[in-house]
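Okay, so chain A shows up in both of these, paired with chain B first and chain C after.
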Partner chain A sequence: MTIDTPTLTRGFVARNWARKHLFRTPLDALLTVVFGGLSLYLIYRAFLFVFVNARWEIISSNLKLLMIGRWPNDHVLRVALAIAVLALWGGLIGGLIAGRQRAAGLSVAAGMSISQRVSDLVRRFGLMIATIVLLLLLTDTAGPWLMAIGAGAAGFAGYWMGRAVGARTLGKWMTRLGMLVLAAVPIVVYWYMVSAHPLGEWEGFLFNMTAATAGIILCFPLGVLLALGRRSKLPLLKWMSIAYIEFVRGSPLFVLLLLANVSLEFFVPASLAPSKPIRAVVTFTLFTAAYLAEIVRGGLQSVPRGQEEAAKSLGLSPTKQMFLIVLPQALRNVIPAQIGQFISLFKDTTLAGAALGILDLLAGAEAITSQPDFVGQGLIIESLVFVAFLFWVGSFTMSRESQRLEKRLGVGVR
Partner chain B sequence: MTTTPPQVARPPLYRNVNVLKWVFQLVVFFIVLAILFWLANNYLTRSQDLGIPTSFDFLDQPTSFDITGADFSPAEPVRNAYLVGIGNTIRISAVGIVFATALGILVGIGRLSRNWVVNKLSTVFVESLRNIPLLVIMTFCFLGIVLQLFPRIEEAWNLGGLVIVSNRGVSVTWFEGTTVAALLGFLFLGVAGWWLIARWRRGVFERTGAPTRAGLLGSSFLILVMVTGWFVLGATVTTPEVAGRAVAGGIRVDPSYFAVLVALVIYTASHIAEITRGSIQAVPKGQGEAGSALALSGSQRLWFVVLPQAMRIAIPPIGNQYLNLIKNSSLGAAFAYFDLTLVAQITVGNGKPAVPAFVLALVFYVVLSLITSTFVNLANRHFKLVER
Partner chain C sequence: MTDSNQTVFADATQVHGDAVIEMDHVDKLFGAFQALTDINLKVARQEVVVIIGPSGSGKSTLIRCINRLEEHDAGRILVDGIELSEDVKNIQEIRRETGMVFQSFNLFPHLTVIDNITLAPRQVRRMPKKEAEALAMELLERVRIPEQAKKYPLQLSGGQQQRVAIARSLAMKPKVMLFDEPTSALDPEMVGEVLDTMKDLAREGMTMIVVTHEMGFAREVADRVVFMADGQIVEVGTPDHFFQNPQEDRTKLFLSQIL
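And then the complex of A and B:
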């Protein structure tokens, strides 16, 4: 028996879709018309602004200032080299993880064809790559292009190397040596950068990224200790941790930065009183530690009690139970939350500009509107849109990756 | 036969776990104490060397600066300036919380809408605002929108004679002769009446099964009280008017207050929208289906079945957003909004001791946060599902 199916013409499908998604009820139709009109108008205005009216030359002529501040011209090459080395390093680590996963048969990417992998990468990082290309198009010298191509090549080379190494098992000492080298790379890069231009004078987007990264890494020891303290059965430790965490979480970062700006030299000897960016990093570290402590506490609670009991029955000491069995699982479970904290710190680094007078990306974008070439022409919207776009691309990509990771880790599912 | 338990020898002190625990705690405690003492000592000696007072005496000295938008003379003591600042912080936070909650919940529902346009628009709203720093949004609202897009006073936008928008601020038609006390009094009366009506109607519902309609009756009572109050006070309104280079009449919203408020509201709303969406999705699907099986309409299902359960899940994270909003209101100081932070900042700028001035502000923020989180916890306990 055959059933006559109505021929699904394209027009029919479209009408059906519109009826289902745009005009289900009279109220729906009203919402569609009102908000559709509003969106079309906004899209039109945004299009007109971005492609016709906006004067992007204020950005293109100040791109270097916005990105790396007043970094000495003689040493710009160091920035490029550092970026390439960090790309190699990141590629290496990514490749190592991929290689290990592949060896363990856990890799998601292994089952994909080349075109699937490319489209997966484009979906995940296409926005970021497009933004980098956009930034390159705004420059008028060849240097940044060479840097970007070099960094991309270094990243790829690192990835393939890492995957080859990760696929095989190394000896104990080789592994340790490799870990040591990997850990040393950022320190060496940091030293290489700082020896050209002291950290106290870092500006622009470079400051925002460095401060956020430094803050999230440096807060780790204190944050984990506070989390352990808060869960400890020892009353004195517990109450000290709670007092610190609750005080910091109750106070605004902006006021803490203002306080650090005017009064750090009162609390530490004058010889120790650091420059403004370092003050900002110290404040970010102490501030984020309290939030990290709460995240880690959540992670500790998510580890089943059986794990600790199993460790106990193996005869491990309490310290080893915590640091070898419970804490690694706890930290792994809260990686997405940690990325969320990093994103929020990344956005909060703009406060340092307003509170301490550092010429970070936002403060720089405000400052360039009063340059003689651009003063009084109302270009603040152009420069703020640019700043917002850069932050948006960074945070959006990271939060997408964190969601993906959350799914893959299966937090709360298992 | 009884076995005598083996005689346990008391371990020596240095291996007694209880003793060791306390020794360890005391060692950590004294190390922390020593660091604090070192910091405090540095602070005191350094202040003494520089001749900077460390007490809170400055609170009684004259302020010597003006506060825009407040009836305040520079001769008044700093104490009063702090009180004005605290009032302004509470004013912007309270208004911000109300608007952010309303907008956030609407957008959160919009993200789950079957209407394609509404769905995509809400998604764009949330995903763009959540990932931009608040300070950038605030700067954009202040420098970009208010100071640049809004017209000069000579060309002010006049929205039907009710609202006048210019770069000097926004003026809105308002009820004349109302004082804050009278307004709050009537509001309290109305809300109390609402509560009583709700109790009465719930009793009726439990006895007879008649629909409660508590929301409808209660809100009409509230509106009735407010309208009556307005008539009692004289039933007049004041409309804004451009008079020369200023706006007369109406209630005026400062440019900085407007910009900071808008930025706080849209930024917090984008976070609340995500929380709302997550909480609605966390309500088991069977609940909505059960609502359909009872022949409830879409909006009834949302209002009576899904949202009450979703809000229960959403209260703690939304409370966190309220705390964030209160703390973020300190950014208003960067745009000359006279909140507590700006008062502290200018007080320090006028030569008053920095550490006490900022610590006072910090302590107030911590206290305000604790009070708010107490209320959120109370609400959470009230709405929590009572389990067996």
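And then the complex of A and C:
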């Protein structure tokens, strides 16, 4: 079979596609023109703002304040080191998982060509890496560059090490020891950071990230327990869970944060009262746990009754029926909703600035517009756009990873 | 299987030898609806009892009462001498001794085939992993699908899934196996492989209670056939007696409808 000249074919294909998808009926054509024009106009205005009119020097000259707040200059190196260690740690875990999957013959990546693998990596982390590069371009010192390169190298090194180790079968005790070390890493990093600068004074995007991470880790078990409590046969436990969930879901988060700022003094002597970031994390945890409980409850209801009956008929105890059979399936079925809740939590950390007076990313971005160099010049737009962009990058990356996780765990399979 | 020329008991409580399962004046209510009325049934060791009857007659409810998936409201149920009561320990012990195979398989979709089978021996009987896996492979050989061990249930055909479910129950080395319409959810071409597995099991001397619509299976394998209608046991007999010479009008009507 012979094929016509490629140029002709390509033009024909494009015209055909446009006719089919954009101008099929007069109404289609009208909508295409209207919305096409509108989006072009919006893109043009946005482009004009970002690349021509915006005065990004307000961001670039305050980048450190926005990222890590008033972190003491003597200890900035600790932040860099912590990031590098966490990159190594994350790479190690990712590599371990990849290595184990490869060994079990379940690896998705094993069947990919180099170019496919690169495009997969770009799709997963491209946005994040591009954002980091963008931030680096805003700086004028070498430090951040060195830090980013170091962290990147550590991440890669961790990944390769993890993959090599993960492909091998280790002894029971070696595995346990390894898990213990892995679990200890973030705790050590946290201790290392806190010993330089107390948690009560963490600010900037560092606060948002820390509060979101801590909130997500802590709210998960609490949410699951509340969901189980709500289904419990013990009336007291059941009613307490319901009362808690309904009360918290019925209150605005901002109000709860304001309450956390003032009400603890009723119960705890002032000298023992926790610092503001801790109050924020506790409030985020308690708040998100209530929503998570309802999500998990939905998941529990989505598992067919036959699963529990099969577990019962095999003689499994009620606890094992729940934790080995029902709950794993329930949690898997509601991954998208869970991640959605975690993304909400991440974005809601910006409320802490206003409610508790923490100089987080948003509060910092507002504060810098009153600096002598920038006051009264309407630069709040640049500030807010920057904040929105950073949160969007974080949220989008999380939702992308959630889709991957869903696919890998086969949510749609049933 | 006992010889077919033995005495035919018209009464479901008469058995040859000692009874593994005894149901004594059992009633079961779902709200105001009486699902089981005055059920009296004994099943002897190594006996195969097939329960048939129109849908809604209480067949499934009856066997689900035996391992306490349903709670009976009156009467007594004894499994291997242990009486079912509120006592959680008794319930657990009876469930360990009775295997159940469901119409919809109910395999655990998040576990591989071999993990489905080893789960209960390891968790309930505290069997070491290696031993449990050896047992599982042996059982998979027995149901003729050892090559599927590493797959997930949803990657298998319906017939294969049901055979895995049978292997999973057998892994607990139960004294009695309960089958709740094990072939009703299967495509016709897969019914045979599951029935063959069940026949093997009967031949090896497993005590079985089978709720089914497969009359061929009842005729070939059953020691006794129990016919139920409207929550009551209407008639009991050997397959020959039951299919060729039914006594009750209700039985005759049912048989004329299905045969």
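Things worth noting here:
To be clear about the criterion, the second predicted complex is superposed on the first by the 360 of 414 C-alpha atoms of A that agree within 3 Å, B and C clash if a C-alpha of one lies under 4 Å from a C-alpha of the other, contacts with A are read in each partner's own complex, and residues count from 1 in each chain.
We adopt the following convention: a residue touches a chain if its C-beta (ideal position, glycine included) is under 8 Å from a C-beta of that chain, and two chains touch if they have at least 3 such contacts.
No experiment lies behind these values; they were computed from the predicted model shown.
Of the two partner chains placed by the overlay, neither chain B nor chain C lies in contact with A:Leu327. In the overlay built on the shared chain, the residue A:Asp348 is in contact with chain B alone; chain C does not reach it.
Taking chain A as the reference chain, the count of touched residues is higher for B when chain B and chain C are set side by side. In the superposed pair of complexes, A:Ile339 makes contact with neither chain B nor chain C. Once the two complexes are laid over each other on the shared chain, residue contacts for A:Met240 go to chain B alone; chain C is not touched. In the superposed pair of complexes, A:Leu65 makes contact with neither chain B nor chain C.
Shared-chain residue A:Ser39: touches chain B; no touch with chain C. Every residue of chain A that touches chain C in the complex is listed here, in rising order: 304, 306-307, 309-317, 320, 324-325, 328-329, 332, 413-414. Residues of chain B that touch chain A in their complex: 21, 24-26, 28-29, 32, 39, 42-43, 46-47, 114-118, 120-121, 127-128, 130-137, 139-140, 143-144, 148, 323, 327-328, 330-331, 333-334, 341, 344-345, 348, 354-355, 358-359, 361-362, 365-367, 369-370. Of all residues in chain A, those touching chain B in their complex are 20-22, 24, 28, 31-32, 35-36, 38-39, 234-237, 240, 246-247, 249-256, 258-259, 262-263, 265-269, 343, 347-348, 350-351, 353-354, 362, 366, 378, 380-381, 384-385, 387-388, 391-392, 395-396, 399. Interface of chain C with chain A (complex): residues 67-69, 92, 95-96, 98-100, 102, 104, 106-110, 119-120, 123-124, 154, 165, 168-169, 172.
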